[in-house]
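Pasting a structure here, questions to come.
Think of it as A, B, C, D, E and F in the order they're written, each chain with its own count starting at 1.
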Amino acid sequence: MRLSEADIDRVLEEDIRFGDLTVRALAIGEKPGRMVFTARRDLVLCGSDEASRLLSSLGASVIFAAQTGTCVEKGALLLEAEGTAAALHAGWKTAQTLMEWASGVATLTREIVAAARLVAPRIAVVCTRKAVPFTRQLSFKAIIAGGAECHRLGLFDTIMLFDEHRPFLTKPNDLNAIITKLKEYAPERAIMVEVTSEADAFGAAEAMAYVVQHEKFTPNILARVVLRRKRVDGRPVIAAAGGITAQNAGDHAKAGVDTLVTSALFYAKPVDIQVRISSL
Amino acid sequence: MRLSEADIDRVLEEDIRFGDLTVRALAIGEKPGRMVFTARRDLVLCGSDEASRLLSSLGASVIFAAQTGTCVEKGALLLEAEGTAAALHAGWKTAQTLMEWASGVATLTREIVAAARLVAPRIAVVCTRKAVPFTRQLSFKAIIAGGAECHRLGLFDTIMLFDEHRPFLTKPNDLNAIITKLKEYAPERAIMVEVTSEADAFGAAEAMAYVVQHEKFTPNILARVVLRRKRVDGRPVIAAAGGITAQNAGDHAKAGVDTLVTSALFYAKPVDIQVRISSL
Amino acid sequence: MRLSEADIDRVLEEDIRFGDLTVRALAIGEKPGRMVFTARRDLVLCGSDEASRLLSSLGASVIFAAQTGTCVEKGALLLEAEGTAAALHAGWKTAQTLMEWASGVATLTREIVAAARLVAPRIAVVCTRKAVPFTRQLSFKAIIAGGAECHRLGLFDTIMLFDEHRPFLTKPNDLNAIITKLKEYAPERAIMVEVTSEADAFGAAEAMAYVVQHEKFTPNILARVVLRRKRVDGRPVIAAAGGITAQNAGDHAKAGVDTLVTSALFYAKPVDIQVRISSL
Amino acid sequence: MRLSEADIDRVLEEDIRFGDLTVRALAIGEKPGRMVFTARRDLVLCGSDEASRLLSSLGASVIFAAQTGTCVEKGALLLEAEGTAAALHAGWKTAQTLMEWASGVATLTREIVAAARLVAPRIAVVCTRKAVPFTRQLSFKAIIAGGAECHRLGLFDTIMLFDEHRPFLTKPNDLNAIITKLKEYAPERAIMVEVTSEADAFGAAEAMAYVVQHEKFTPNILARVVLRRKRVDGRPVIAAAGGITAQNAGDHAKAGVDTLVTSALFYAKPVDIQVRISSL
Amino acid sequence: MRLSEADIDRVLEEDIRFGDLTVRALAIGEKPGRMVFTARRDLVLCGSDEASRLLSSLGASVIFAAQTGTCVEKGALLLEAEGTAAALHAGWKTAQTLMEWASGVATLTREIVAAARLVAPRIAVVCTRKAVPFTRQLSFKAIIAGGAECHRLGLFDTIMLFDEHRPFLTKPNDLNAIITKLKEYAPERAIMVEVTSEADAFGAAEAMAYVVQHEKFTPNILARVVLRRKRVDGRPVIAAAGGITAQNAGDHAKAGVDTLVTSALFYAKPVDIQVRISSL
Amino acid sequence: MRLSEADIDRVLEEDIRFGDLTVRALAIGEKPGRMVFTARRDLVLCGSDEASRLLSSLGASVIFAAQTGTCVEKGALLLEAEGTAAALHAGWKTAQTLMEWASGVATLTREIVAAARLVAPRIAVVCTRKAVPFTRQLSFKAIIAGGAECHRLGLFDTIMLFDEHRPFLTKPNDLNAIITKLKEYAPERAIMVEVTSEADAFGAAEAMAYVVQHEKFTPNILARVVLRRKRVDGRPVIAAAGGITAQNAGDHAKAGVDTLVTSALFYAKPVDIQVRISSL
């Protein structure tokens, strides 16, 4: 996934719009130097390509950049660049913050995926649409780097029925009629339904929804749902959502669901990345 | 702080670029409805004006919006809007996510400020530049809503000497000469120095830096620094940075520092906001 | 579907960046007037909301605007606005061109949908990704206004296997293994496969692809595919693509396919809209 | 004519905003490959430079690109690129659609120009301002590539009197006074007048308009206008507009007019371009 | 001429991106107030509509705004707004600077136009393309407000032959052939030629250029050119360029030229506008 | 200070949006050539990097570019580029205007700084926020190139009390209370106060403002202020503002102030730069 030039510009501008006052005051801008980013802990890297692009656009030369999606150990070299003190200092914190944050998301993603797949090797982990405002593209990139996928990209790409749609329908409780209508409107698409009660879970399954997303069901109840409603052809896809974290991902996976849907990935803590700057 | 029209557009576009497929499929877009946002916990609100603007730009009418910066109790009404089902569904999650995230930052900020001011009523709490990429403006707004302020807005607005600048200087250890140079370059500005050792802390204070920022000093050592280096005119400003959280803010405040500098605010967990949608 | 403020700005700027030289030279800018848009033929309207927004942003008052998606007869009033001669002349051709073009797409869409549904009342008509560069959002809006839908919004929202992916796979001809891999990667999604031979059409159906898209199959062969490969549960969805037009949509529909996929909609001829400007 | 980086970004983003889900699911992104674009019919090429830029920005290497404006024969190589499967698939349809559409405009332009110049070797063919919304720059580029030119770029660059201006003037029928006023306002500019009646055509010529544009005059009447109103110094320039197509361009040219003004070019059908992708 | 929403946003962002720190520190943002802009000298106003738009977008109410293009006397009211102290202070300097600068351009323009027209009532004054970078649209607007016009909007809208084109031509000195070629290429357009010698001035006139622009000719020589080369039909248009200022505009006008071309307008000194802010 | 890609695009688009009509008409675009920029007077260069970037983005090769901030003598080579006639002509005036304008600002800045430092070698010269609309970033860059600095970047980065804030305060005349409040709000920041009377000047100094900015004080009175109010620790910083120019900078410097604050730099006349274009 490629961030646009405008986004690289924007992230740079947040920090260096009117230049680096300290470097100007110290009159060190023209001195040559090297900047090295290393992992302070085991992590899944994301953001190294954006960091490289922004350092290059500042005039620095990127000598090495580990690839997005790589699992690296504590101490590993992530990125190395050479350039003037002006270029290195201009890009330092922006590159560091971007990689720390994106790698934080990627690393937590990998943890949740690992926890779930330990129990259920083929389970899918997907994120919701609730990304931090303005970060959707970078968030999705980091989540994919961590081994998960996106559930819905926005309102535009999938059909998902929520309870909140129903007050506007003539027969809000006739799940069968509603799902049939959705399938006729869009025969090509996998109709998804979010349910908040066991009754609706069964109703949606009977109405042949492609995916039934169970909001805040306990693993026990989910196990029961899987047992009773999963047909022999593997349908419907049983998704569990609401409060999924690295801690409870395994329990949900054990229940036999196909997919874990989580917003937790967006709010991962950044991982620490060490930066050392030296003169040449 | 006012987000630009382009930013309101951008946050909307992240979710509704090609419209709302589900509402189209259900053919409910023209039905009138009401959407109500309430707090699921005590919180400091931020983002209600942006939420209002984006709902308005979708054609909904905002009937009530609590003000950014307000402390509200669990259950309180935050925002109420009326409009077509199309408008309400188009804005629902974007408005909710924006308010949940920004209010999360504001609420954590209030907690850290409260914890610090319980001990030291005049202490200042300020954030670093390490905002989540692309969110700097909204993050700063939320932090101010929570009662803290910004430390540096970017590289452009303040002079702060880091250890990382020194390799490029002829006499990297002569703090007095360096600070004198900075003060001459910019007589109007408050020169800030980040120090990582007690020796440099004392050197920076003697060289009459305006602010000495102590990176990862324990409260005990900070107390000693305050005792020994704070002059009768209140200078230098003693700032503590590195790992400040709601848990340890009080301890640092007790040490007598003037300012707490923290990145923790940017990574606050969102607070839950309930949304109910009804037909009219 | 809502165009952003930036897009309304952009379409205006294409025509009036440095103002209206003729109106300046005639010194008539302040005179009040009325502008009326009427249909020169039966048409499905699209673009009246964008036309209204651009006229409003020029300072004119929109008195009436028929709704996007409406079928109107020759002579019907589409949009009426009042304002200064400067505002009316500034918006005239831009509003007209936008409505003529978008309504052209909507009108052709309606024709193809009508032709297909005459034969097969539940058939779906969807457009490809081959919109005229820079017009994707407006094109999709017009197509939806005309009663069709979007097939794929881009590379990001759907999984569709093309022959062009196969050279990079280890076993390019093992459709079953490929489709199984895709389904495991994304259990929630409806896997689509484009096929260009009858053998692959059968292979994709047997591998339980959700949608099999038949590229340039004749109606006769399509009928055979439907007969032989459609299972009792209605799967797979049979889509016909490649050269679908208003002329041959009925023939394809008769073959019993579920979906017609076409690029023709994007290249519809604009429909004529008459504009009359008078002084007040 | 150079599209901005922002436009290259925009056209890419339309298709690959959140990446290529199919290539991710197939896990083939890193495989090296080649992509070759060839003409499926004789055509005038346009868009190869934009296609090259967008492929390069995706990380592919462009090995060959024929030049915009070139007439090529069926089967000719238009563009060849090498890169990862991820880069090639990300750019494939966007590059193809852009070249097909822009070359469609260029090719139709060449046909109309050829038809007109067969009869009148020095006749000029120019386009109106009625480009498809958002495509003006690329449309004009394609039209110039095809051998025609632009008539007006917008409201800002030329003075052209329409009937629609007249209601706001004190003496709407005094063409002589109106044209004199326009000439005094802008002595440097070539005053243009659109006329819809033979009486006005003569009035505009007598008032020494630089260009008289005849809206929907038949070739016969145009020939009479040329005969009676063209002065010995070649003035006024006689332009024919309204419904000019490749079919009737010759007839209009035969009438002796100087310029053909047409909107037909914008709505040209795309020309087919074949794309083949292979692994390396 | 209408600045885009994006431009209004941009000019605001230059000053208030992260809010108004002083107003926050004083905690006066919610207090109601009034802001009044008055002329400190006689001036031609420009920018009041942009100032109004930016104040409105900050939440203030504009009570009065004099119209762009108005000549006002010292002390006259230009703009009055009411709103919170936060809104008024956020817009104060931006609105003031914009009006001072744009009115400075408009006022100088009026002076040059007046000086020239005192001598030659029908002379045209036009500006070059050398606007201050990023200000072209606002500059042109101010120049038009001051009673002059634009010469060329850019490279795209006019044909003007410079000496700098000639090295690339086969017969660089054959002005007649060059101009004939240009006229054939674009029969509708007024061909312009910049000349730097009397010989070329005569050559261009003989070759029937529509406009001959005389670069840095003295008024005496210009008078001779007018006398010898102006034909009875008023052609060619004689333009004088290079170093035209308010001081020498009259002398050039006396020489009988049709048009004065100047870059001086872009670099006008801003005019002082007084701002008073009061509480309500 | 680095202009964004979007800004380079924007400045180019101002001039070449729809291409270069003259070069097209002459059919010389493909001819190779050289373009050389030299100083017509002694100047301080600014803008050569932006000129280089824009020429490169047009496809020309920059062979030499003198560095921003360099003092060059009349006749010196500033920039040299080779490329097609199309590329050179497309960039010519844009590159020239940008360098002439930015170098004009830098050169005047150098003059004012020199005039002030002749008298007071350590005095600081800083600019206000009143940049020409849309040029803030380039203006600041030019001012820094000329040896001065920025005073305030906007409302966001500094605390400065104006008389205009006081009507909203409970005790508008209690400078001591106001300044104390500001210092408590932001202990890290250097509080600045603008004063317009000697009484306030003394009040602000006594209240320990960090910077006291004296608006339109004569040098004589400033000398008295310095004498009476400057404490032994060098505080407060005494700034003089209002009407500072190259002519009177020395007088103000002689008064002993620390800082000169001026808006004059923004309105510098461009310096002449010669451009020669030759064929190769």
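Everything below uses one rule, namely that a residue touches a chain if its C-beta (ideal position, glycine included) is under 8 Å from a C-beta of that chain, and two chains touch if they have at least 3 such contacts.
Every value quoted in this text rests on a predicted model; they were computed, and no experiment measured them.
Novice: Touching both chain C and chain D: give me those chains, sorted by label.
Specialist: A, E
Novice: So which pair out of D-E, C-D or A-C basically repeats A-B, with more than half the contacts the same?
Specialist: That would be C-D, since it shares over half of the contact pairs of A-B.
Novice: Could you find the chain whose CA centre sits the greatest distance from that of chain E?
Specialist: Of all the other chains, the one whose centre lies farthest from chain E is A.
Novice: Given that chain D and chain E are copies and touch, would you call their interface same or different according to whether over half of its residue numbers are shared?
Specialist: Since more than half of the residue numbers are used by both chains, the interface counts as same.
Novice: Taking the mean of the C-alpha atoms as each chain's centre, how many Å separate chain B from chain C?
Specialist: Result: the chain centres lie 43 Å from each other.
Novice: Nearest whole angstrom, what separates the Cα centre of chain A from the Cα centre of chain E?
Specialist: About 51 Å separates the centre of chain A from that of chain E.
Novice: Counting only residues that touch at least 2 other chains, which ones in chain E make the list?
Specialist: Within chain E, residues 5-6, 16-19, 24, 90, 149, 153, 156-158, 185-186 contact more than one other chain.
Novice: Touching pairs of chains, all of them, please.
Specialist: The list of touching pairs comes to A-B, A-C, A-D, A-F, B-C, B-E, B-F, C-D, C-E, D-E, D-F, E-F.
Novice: Spell out the residues on chain F that touch chain B in their complex, using ranges where they run on.
Specialist: So the residues of chain F in touch with chain B come to 122, 124, 126, 149, 151, 153, 156-158, 184-190, 192, 210-211, 237, 239, 258-259.
Novice: Would you tell me which residues of chain F are touching chain D in their complex?
Specialist: Per the stated touch rule, the residues are 5-6, 9, 12-13, 16-19, 24, 57-58, 90.
Novice: Which bits of chain A are touching chain B when the two form their complex?
Specialist: 7, 10-11, 14-26, 28, 31, 33, 85, 89-90, 92-94, 97-98, 100-102, 129-136, 138, 154-162, 164-165, 167-169, 178, 181-182, 185-186, 189, 267, 269-270, 275, 277-279
Novice: Enumerate the contact residues on chain A facing chain D in the complex.
Specialist: Per the touch definition, chain A meets chain D at residues 1-2, 4-6, 137, 140-141, 144, 149-150, 153.
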